[in-house]
Each structure stands twice: as structure tokens, then as C-alpha cells.
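Chain lettering (A, B, C and D) follows the sequence in which the chains are written, and residue indices restart at 1 in each chain.
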Amino acid sequence: MKVIADICIVPIGVGVSLGSYIAVCEKILRDAGLKIHLHGYGTNVEGEWDVVMQAFKDCHARLHDMGVPRITSTLRFGTRIDRDQTIEDKIRSVEAKL
Amino acid sequence: MKVIADICIVPIGVGVSLGSYIAVCEKILRDAGLKIHLHGYGTNVEGEWDVVMQAFKDCHARLHDMGVPRITSTLRFGTRIDRDQTIEDKIRSVEAKL
Amino acid sequence: MKVIADICIVPIGVGVSLGSYIAVCEKILRDAGLKIHLHGYGTNVEGEWDVVMQAFKDCHARLHDMGVPRITSTLRFGTRIDRDQTIEDKIRSVEAKL
Amino acid sequence: MKVIADICIVPIGVGVSLGSYIAVCEKILRDAGLKIHLHGYGTNVEGEWDVVMQAFKDCHARLHDMGVPRITSTLRFGTRIDRDQTIEDKIRSVEAKL
């Protein structure tokens, strides 16, 4: 099952500057072979469900290993069986109507 | 790794009445042995990360098997290593200060 | 326009214990005359769109006044024009099918 | 109060192809003078809190006017008082550490 997800990971208890933690997660997602797109409030991720989920779990585990005491993440998870669709397809389907 | 999650599953392409689909997911989560609490805009879930994730995947798979063409879910996922905490603990920590 | 919302407010930069900040927000939402239901990962809110939005804005403003340097909130916002529905209706529509 | 938000609007009860509805919302957000960035699972929005909120409300109202019976939206809402930050700043703060 393929999924297009949007992942926003928020480390808690390590101050207000979170960029270095997010960068660690970006590398984990990228090194998992996933197609990713970093935006201003999260990261689009496209890939097989199990690969996405394992990489997301690795993000939480790695941040805790780095000493982050608490993490709250928000995700959007989209699957469809009517047709195959990529992140670019989704963006184009909107832009074509603008 | 234990997680407290909040899961909101939205079937798309099957009209506006979604309660029967949500009920199917509630049963999947419950039958997975997870502690769950249904509220007005999702379901709190507490359990081991892998069990929660497998049950959530089963929800998507089952709804697609039922003919739902498209699903978009939103999740909150919280982990912490500083102390053990339950759903009830979280609610009590707020109510104690009201 | 009536809305059923789910609001999860996360103060950043004030450590890992957030219950007292959430309690402040609960009081703001309640004092706005909104119907609310605190659960393990947020708060269901039911009311008129503008009242909900003003109360949510007051939460951010109040927490910043209390010294919280950064806040990230996640919300679900549901509206419908096909029929009137309450938080209890939504829960019952699922439970009736369990 | 300035906010950086991420908005994902999901029309329910109008089938599985949602691009034309999202395009309507993009135009509303853009015409409100907001800085926006469409991505694969939502839209980053940067601007004054009240302007963002009014435009978001206009999106729900317009879609209902177009006949959409039910809408569920998910939002992330970030404010900070420690320093001024743009969408581009947020992305750069991560990319600089990759």
C-alpha cells in the first residue's frame, strides 16, 4: 500500500530552536529512500506505507537518543485505490485549475 | 516505545455519513488490545508503537477492502522518555489545574 | 456558521510539563460559552465559528502573555450544511454501529 | 499577532477529485494578500492572524456555497514572540543543518 504523508515532528523540552532536530529527521526520511519535500510546516513524504512508518518511528527513536525528552508529531496520511498518484500529481491537479 | 496517539480517519468518496466506517476502525483498534477513547473528532489510542501502527494500517486496508476509494487520516503521535504517562494522567494533569 | 473543532495547543520553550498552560486554555474556551470536551490529546469544541476562533486566538495571546515564547497548535475544523450535528451526535453515530 | 499556518481543506460528499475545490481556496488565500505555498498535502500560509482566519473562514463558506455538504480541515498554527520568522526562514533553518 502506497501512502502520501505529511509529517511535522515537534521536539518538546529542548528550547525553541528546533531546526537541527528537524534536519536529523529529514536525513532519516531521505536515507530511507523516500521521496520527500520539506516545506514551511512539515515534510511531504511519498512511499510504501511500511517504509514511511519505519522511517517515522526511527525519527522519534533517534531524537529520544539525542536526549529529547518528549515529542509530539502531527501527520496526515493519504491512501487511495482508485488510481496511482504522486505528490507532483496532487500539486498539478490544483495548479491546473488556478 | 510506548505512544499516546490521536487518530482521525476520513473516508472520501463514500458520501457524508461516515459513522459506519469509523465504527469498523474502532473495532480494529479495540481488537488489537489497545486502550482507546472515542471522542467527537477522533480516537485516543494508547499502546506500544508497533501495535498502534499495525492497527492503524489495518484500518486503512479494511476500509479500502470495503470499497472506500480514498482515505485521508490525521494523527497526533506523542512519545516521552522522561516518565511513563497514560491518557488518564494527561487529562488529570490539566483538570487538577482548572 | 457552526463548527465542531478539535484543538491541541502545544507551548514550546517552557519545558515538558504543559498541563498548567492547557488548563489556562480550557478556562478560556469554557468562559467563552463554548461546549468543550477535554480528551487525552486535545479538546473538542462546539460553537459558532467566530466565537471558537476568537477563543482560540485568546489562548495563543494569553500563553504568550504568560511568557511562552513559541506555540504550535493543531486543529481539526468541521462544518456541514446538510444537517445540524453535535459532538454527542457524532459519537453516537459511531457507537450505534459498534 | 503574526502566524505561520498550514491548512489542509477536505471537502466531503463530492467524490474523490478535490483539486478544483482546493484551487478555489488557493485563490481565496492569495487574494487575501497572504503569502502562500502550495505543497503536496496542504498550503503554507503566512500573515496576520485575523487575515489568515478570515480567509480560512471564507474558504469553508465558499465551498459550502458551491454545494459541498461537509468539510473537514486540519490546520497547524504557529506563533512566536521571541523573534520574527518567515516560512523561508523556517525552511532555511533546517536546510542549513542538512
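In the analysis below, a contact is a pair of C-beta atoms (placed from the backbone, for glycine too) under 8 Å apart; a residue touches a chain by one contact, two chains touch by 3 or more.
This one's a predicted model, so the numbers in the text were calculated from it and none came from an experiment.
Trainee: From the centre of chain C, which other chain's Cα mean sits the farthest off?
Mentor: Relative to chain C, the chain whose C-alpha centre sits farthest away is A.
Trainee: So chain A and chain D: same face meeting same face, with over half the numbers shared, or different?
Mentor: Same; most numbers are used by both chain A and chain D.
Trainee: Once you find the CA centre of chain B and the CA centre of chain C, what distance in Å lies between them?
Mentor: Taking the average C-alpha coordinate of chain B and of chain C, the gap between them is 18 Å.
Trainee: How many angstrom lie between the centres of chain A and chain C, each centre taken as the mean Cα position?
Mentor: Distance between chain centres, rounded to whole Å: 25 Å.
Trainee: In chain A, what residues contact two or more other chains?
Mentor: 13, 16, 69-70, 72, 74, 76, 78, 80, 82
Trainee: What part of chain C is in contact with chain B in the complex they form?
Mentor: Going through chain C, the ones touching chain B are 4-6, 8, 16-17, 19-20, 22-23, 26-27, 37-42, 44, 46, 74, 76, 78, 80, 82, 87-88, 90-91, 93-98.
Trainee: In their shared complex, at which residues does chain C touch chain D?
Mentor: 1, 13, 49, 53, 57, 60-61, 64, 69-82
Trainee: In the complex of these two chains, what residues of chain B are touching chain D?
Mentor: 10, 12-13, 15-16, 18, 69-70, 72, 74
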